């Protein structure tokens, strides 16, 4: 099978599945729905894995581009084309594998839902759009996927549409994403206007051939590359939930938990990182924007981590953790550690998906309860969920040799190597916080004694196989995913050949520009030291968490904290009041402006002017009306006077 | 003794003025109508006189048509008065100001 | 052998499909006592035949010639020397998409009005058919006088449709619509007469033919005045920012079918007018005023979106969204770039499809619930899943979601505008994209999502077969254009390219001090109706 | 002789015209108008137009004014009321002034134009009814027919307007 | 006095002598004839066969007390009876009563006004007849009178149309408005070679219309709605008595006589008799004999009036109007068309 020529089927299959489930299958046919809903992404996954294998083993030209058809004509000729290169291969791998597992998990998790068919239709649609995003050969196809995943996110967050909040959250997600998309669009426009193409390959080639074009001043004192990357990064901010556009992601937890796992943790939200890496050649030409990216990433990472510390909703904790980890990835991309960013993206996909699915399992067991204050001691009841969740927590906390350790360490090393010490500092602090709040969730959920109602306790049970098997598989991933990127330094110190597979695999997509310093050259000792520091911090975080929440302590620490520092606690629990701030500063003034436009400009000024005109006309008519006395004799007199005038005029 | 033509014309002008006064001052609809007939008649007289003066019977033709039109006008006008009277029980034009602003 | 109008009417011509609806619709006026079903079916059959006529005509000539698809034989109409008005119609790549859209929407509108119109169905259908004639005529007119006549013909049936079959404040809305449009079109009439007169002064014979008038080279001040006259007429129709207030009222009061036609096609006549007449006839003035018109378009985009956001009436929201969308079209047209023009043209069609579908959906909801206020809805996705699906689909198309039609137009317009050097306008107008999401999602939020707050909404029936049939072609087209717009863009490209080339070359030369008559240029004299194309004689 | 006739009929016409306008009773006004018209008919006769004279009597006095009388009696129109409310001095005075101005101006003009000019004697040709007839039915045939049509229309309209009952009149009376 | 004036006076004298006597004679006839019809005696005391009854009645009228209603419009009240005589004392002027005669070397027409517009004048003056009725009814200030007056005016205007149209048709064969020419035509022409071309033979429909309209114009039964005694007491002359009533009375009979004369002139050869050539007679005799012949014809008509009066019942008002507008007028028009067609076709 030549999977490479079937490249376009990878995104097409899930679309097909979505269409079949959405339009042809009827609600009652649950088996059929399950079959279609799993077969489509499954086939897509098999196809994708085959293609990646064939590509990686050198069976394909590199990078591979497959044009399906021409989208538009004339001066703006854009193809609907797909591209398989190391970057998209990694992404495809992550998306299809994690995606398929979550599909399987969903069969169990969503089994009793009324909108089962709708759910799978949307989920397949998401898979298609996400694959379109990662496989697209140009910005346009990418943008189609970009918006497509946004749409699916909207639809899936609002899956429980008959409640007040979920659709509202979906709307918020879509709108906030749109704000980013607007910048993305402008960036695309600028690119197209400058290069006449939107193909990644061509743009990279041209920039490499003539970097001065990209460096030429454009607007606002920014170079072209600066402007474009800024715009694109704003787009990424929206999609990947960075400050200041992160606000939608916590709300997005209103969707079903598998959706949170797939879309709002593993795949979609990382699209921004993917895009930044995809356009790394431009970022490299715009160091000031790169620094900005790193700064935003770092700020988001620590900011979200602090919030995560004070959340009681298990999914909210994970959501802020996601935001924080995404910040990490941008931090990496900003400091030029693109491979590290992708590395972390991949590992994060596994352990974060696992965390979410685990929390889903918990919620499933709790009968829909998400508040950790009502949990505790669940490890007895959930024998499979607990270890997997724990593994994921260890992974995210950066405990070696789990996946998170390697990727996180590479990021911190990259930051340190780029002499961004402040950023490194923030990163390391965040790592500690991450370990802390993640273990807090573990302790609150699985340890101690149960704090919920008796009824809930009575119903506690482990999830069915269809849910636990994906958990196990993902746990496997969370453990091993990091091993593909064991740092070169470690290999060398151990005296082995460099087996940093990921690094080698991805290096073709990381442009090397003359005159741009990409030297992440740390001495092995420094590298090792940094590793130890980060492990120490992670362990520290764990210990703190254990001291505060471990064992039977339960919520005591939270209460103490709230008593001691009520202000800080409120601030964190209310997420620094950012939503309220946006509401007051942006939404309400804008709505006021809109209402003003409507009531004042439209109704009062324009229509008012109109009505004044009409009134003047009417008034004139009204005044003139009094000449029509209805009395014939008056008319006769007017007539006669007219005759006299005429007479006068004719004679004299 | 022959009569100067201007006498006829002056007589017609006088009749016309009288008719005009009547048409403008009377309140009774029918009286107004009568005054209008008077004015028409005055015009007829002028036409006939000029016809005579110019030796051209075209003027007489016009008088003929004026008469015919006057007949039509009287028919329609009186019918209107009957209609208005049915409606308002009066033909005092001061009180049939149906089209009053 | 000279061709008569009757020959044109009966032959395989443009004239035939322009006049067929009205002629075939005349019996509707006589069917006062006929059963309602008979009247409806007859009207529907007429509209389908009309669609077939247009389709066959276009298919028969598809791609056969470069720029011009077809042109009917020219007939003398008013011949009072030195005044000479000819009846001349032709179809090219610019008018083609809109003609097809008109043909498509007509049966949809009639089908969509099946139960919504409860009085004088025959009269309603006839108004629609007459309106169709007006629209098609204005789209294919190649003589400005003929154009003006058709332009006015559009006005009256629409006035009646709003005024007779509208909602509570229909008279106000109808009069407002009428006065606005009339005010503009009178200015245009003066402009047309001036052009004809100037032509007469230069050659001795008045002419209103498009080809002839394109040869006029006017001094800049005259151009500015005339462009102003045309631009105001068209801007009111579009409608552009300060003269848009008739639109929400008209839409809110108009019956569903009226809204669909109004938004779907009527508004496009304004943008079409800019593209076809205002720009090519007065290139220097257009060039000079471009920034201002772009600014107005931009204001329209943002303003329409903002105001749409705070509406409490579903239909009014869609109406204001039209202002924003048409703002994009205007942006593309004034950008004077081929991509932008292509985008503008396809965006006209897109807007016709998606907004048409939205109005139909609002109408269906109104038929069921007799209200259009958001506060009366909520949670409708539960009782009406298919309705919700189509509504979401149409809304997303309207939002400009990629892979649906709205994106194609918006993207091309933005690219063209940016490329043509109007970066800030392009960049700022993307704000409209954001706002579109805000207000349209608000609409979804308040109608189909959320818990059901009113008891009546618990058991609202879902879409019926007829309604599904009405919406299906629109949805199919929305997806098709979004996924593969190329076949829809291709036919109009040569025409637009020729028009643009002519426009640019004329702008490059300075405007003369006195009116001049340029020699008839082979390619530029009539850019879209290039020489070498044989008149399509009435088929006999 | 002619002068005498003119003075007699002219005075009769004038005096009766004044009565027409001045008398409060419409019946008397109408009857005065009969006198005026008959006098004018006599003047027509003197102006060499027996045809017009006969027509004037036949049509005007014989038909039109009888119609007036009929209507006056049918509606039982009484004398005009004289009350302060009914008076409108402005209308009256302006009418009087306007009429006098008009009459004065016209008289002045006519006098200036014709003065004491005396007519040529009547010719047989001018008076002959046959010539009048041929003029009417040849040169003026079309207007003649049009007037016929007008009268027909007038009759139809009049009978429609004055008819009793109809749906419209009920509507109006509401 | 000029000879013309003298001749005119003579002719008028002849007519007046006739007309003055019509009323008393008819007074007698109106009593004797119905009596005969009803097989009773009637007045038979005053003179032979009661022949002087008319004179007695006349005397009675003259000497009766003159009563005026207190609320009457006095001027008009007095004027009305006088006006009643005006049409009949003027219209006869245009009716010819004989051929042109030679007197003292002058040719003289046997008609008082020898005008081209003869019939025109007749119609014009006859149309004034309605005024007396209307004024009488109005001036009496009595509702019976008023209603009578209203009826009279409507009726007379309505029937005048039919009458005039019939007259116009009757004039067509002669091609002249001059009644003398009409008579000349009836003498000179022959129908089918032997019948006199009398109007009644040429256009019987026209005559019928004329006859009916004549009855209506004179307010005679069956069209005496203005004075319908069973409904309106005595209609427009309810308030009139003595000499004033006599004037109405006379006016009515004189009008009958004059209209009869016109009917005879238009439809029955006027003063002529078939086969009798009056021109053979010397001097003024042709005129006198012609007058006698005319008188005889008038007398026959007058008897017809009486005959009809006692034969037919009265019409209802709406029937009257319907007859006038929907029957007579179309008939008259049809007749006119028919005659015109004949004339155009050269058959006359």
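Order as written gives the chain letters A, B, C, D and E; numbering starts at 1 within each chain.
The rule is simple: contacts are C-beta pairs under 8 Å (C-beta built on N, C-alpha and C of every residue); 3 or more make two chains touch, one makes a residue touch a chain.
Just so it is clear, the model here is predicted, and its values are computed rather than measured.
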Practice task
Quick one: how many steps at least from subunit A to subunit D, stepping chain to touching chain?
Solution key: 1
Handout entry: Joint neighbours of subunit B and subunit A, given as chain labels
Key = D
Problem - Result of counting contacting C-beta pairs for A-C and B-D, higher pair - result: B-D
Practice task
Look at all chain centres (mean of CA atoms) and spot the one farthest from the centre of subunit A.
Solution key: E
Fill in the blank from the handout: With centres defined as the mean of Cα atoms, the chain at greatest distance from subunit C is chain E
Completion exercise
Chain with Cα centroid nearest the overall Cα mean is chain C
Handout entry: CA centroid of subunit C to CA centroid of subunit D, Å
Key = 63
Exercise for the section: Averaging only over C-alpha atoms, locate the centres of subunit B and subunit E and give their separation in whole Å. Expected result: 33
Exercise for the section: Would you kindly tell me how far, in whole Å, the mean C-alpha position of subunit E lies from that of subunit A? Expected result: 117
Exercise for the section: Round to the nearest whole Å and give the separation of the Cα centres of subunit A and subunit C. Expected result: 39
Completion exercise
Residues of subunit A that touch two or more other chains sit at 633, 637, 640
Handout entry: Inter-chain touch pairs (all)
Key = A-B, A-C, A-D, B-D, D-E
Handout entry: Of subunit C, residues touching subunit A in the complex
Key = 176, 242-245, 248, 303, 306-307, 309-311, 338-339, 342, 379, 381-382, 392, 396, 401-403, 407-408, 411-412, 414-416, 418-419, 423, 426-427, 430-431, 433-434, 437-438, 441-442, 444-445, 448-452, 484-486, 489-490, 493, 497
Exercise for the section: Write out the stretch or stretches of subunit E touching subunit D in their complex. Expected result: 73, 76, 115-117, 120-121, 123-128, 130-131, 134-135, 137-138, 146, 149-150, 153-154, 156-157, 160, 177
Completion exercise
Seen from subunit A, its contact residues with subunit D in the complex are 633-634, 637, 640-641, 643-644, 647, 651
Fill in the blank from the handout: The subunit B residues in contact with subunit D across the complex are 1-11, 13-22, 24-28, 30-31, 33-35, 37-38, 41, 44-45, 48-49, 51-53, 55, 57-58, 60-61, 63-65, 67-76, 78-83, 85-87, 91-92, 94
Exercise for the section: Please give the residue numbers of subunit B that touch subunit A in the complex, ascending. Expected result: 20, 23-27, 29, 32, 93-94, 96-101
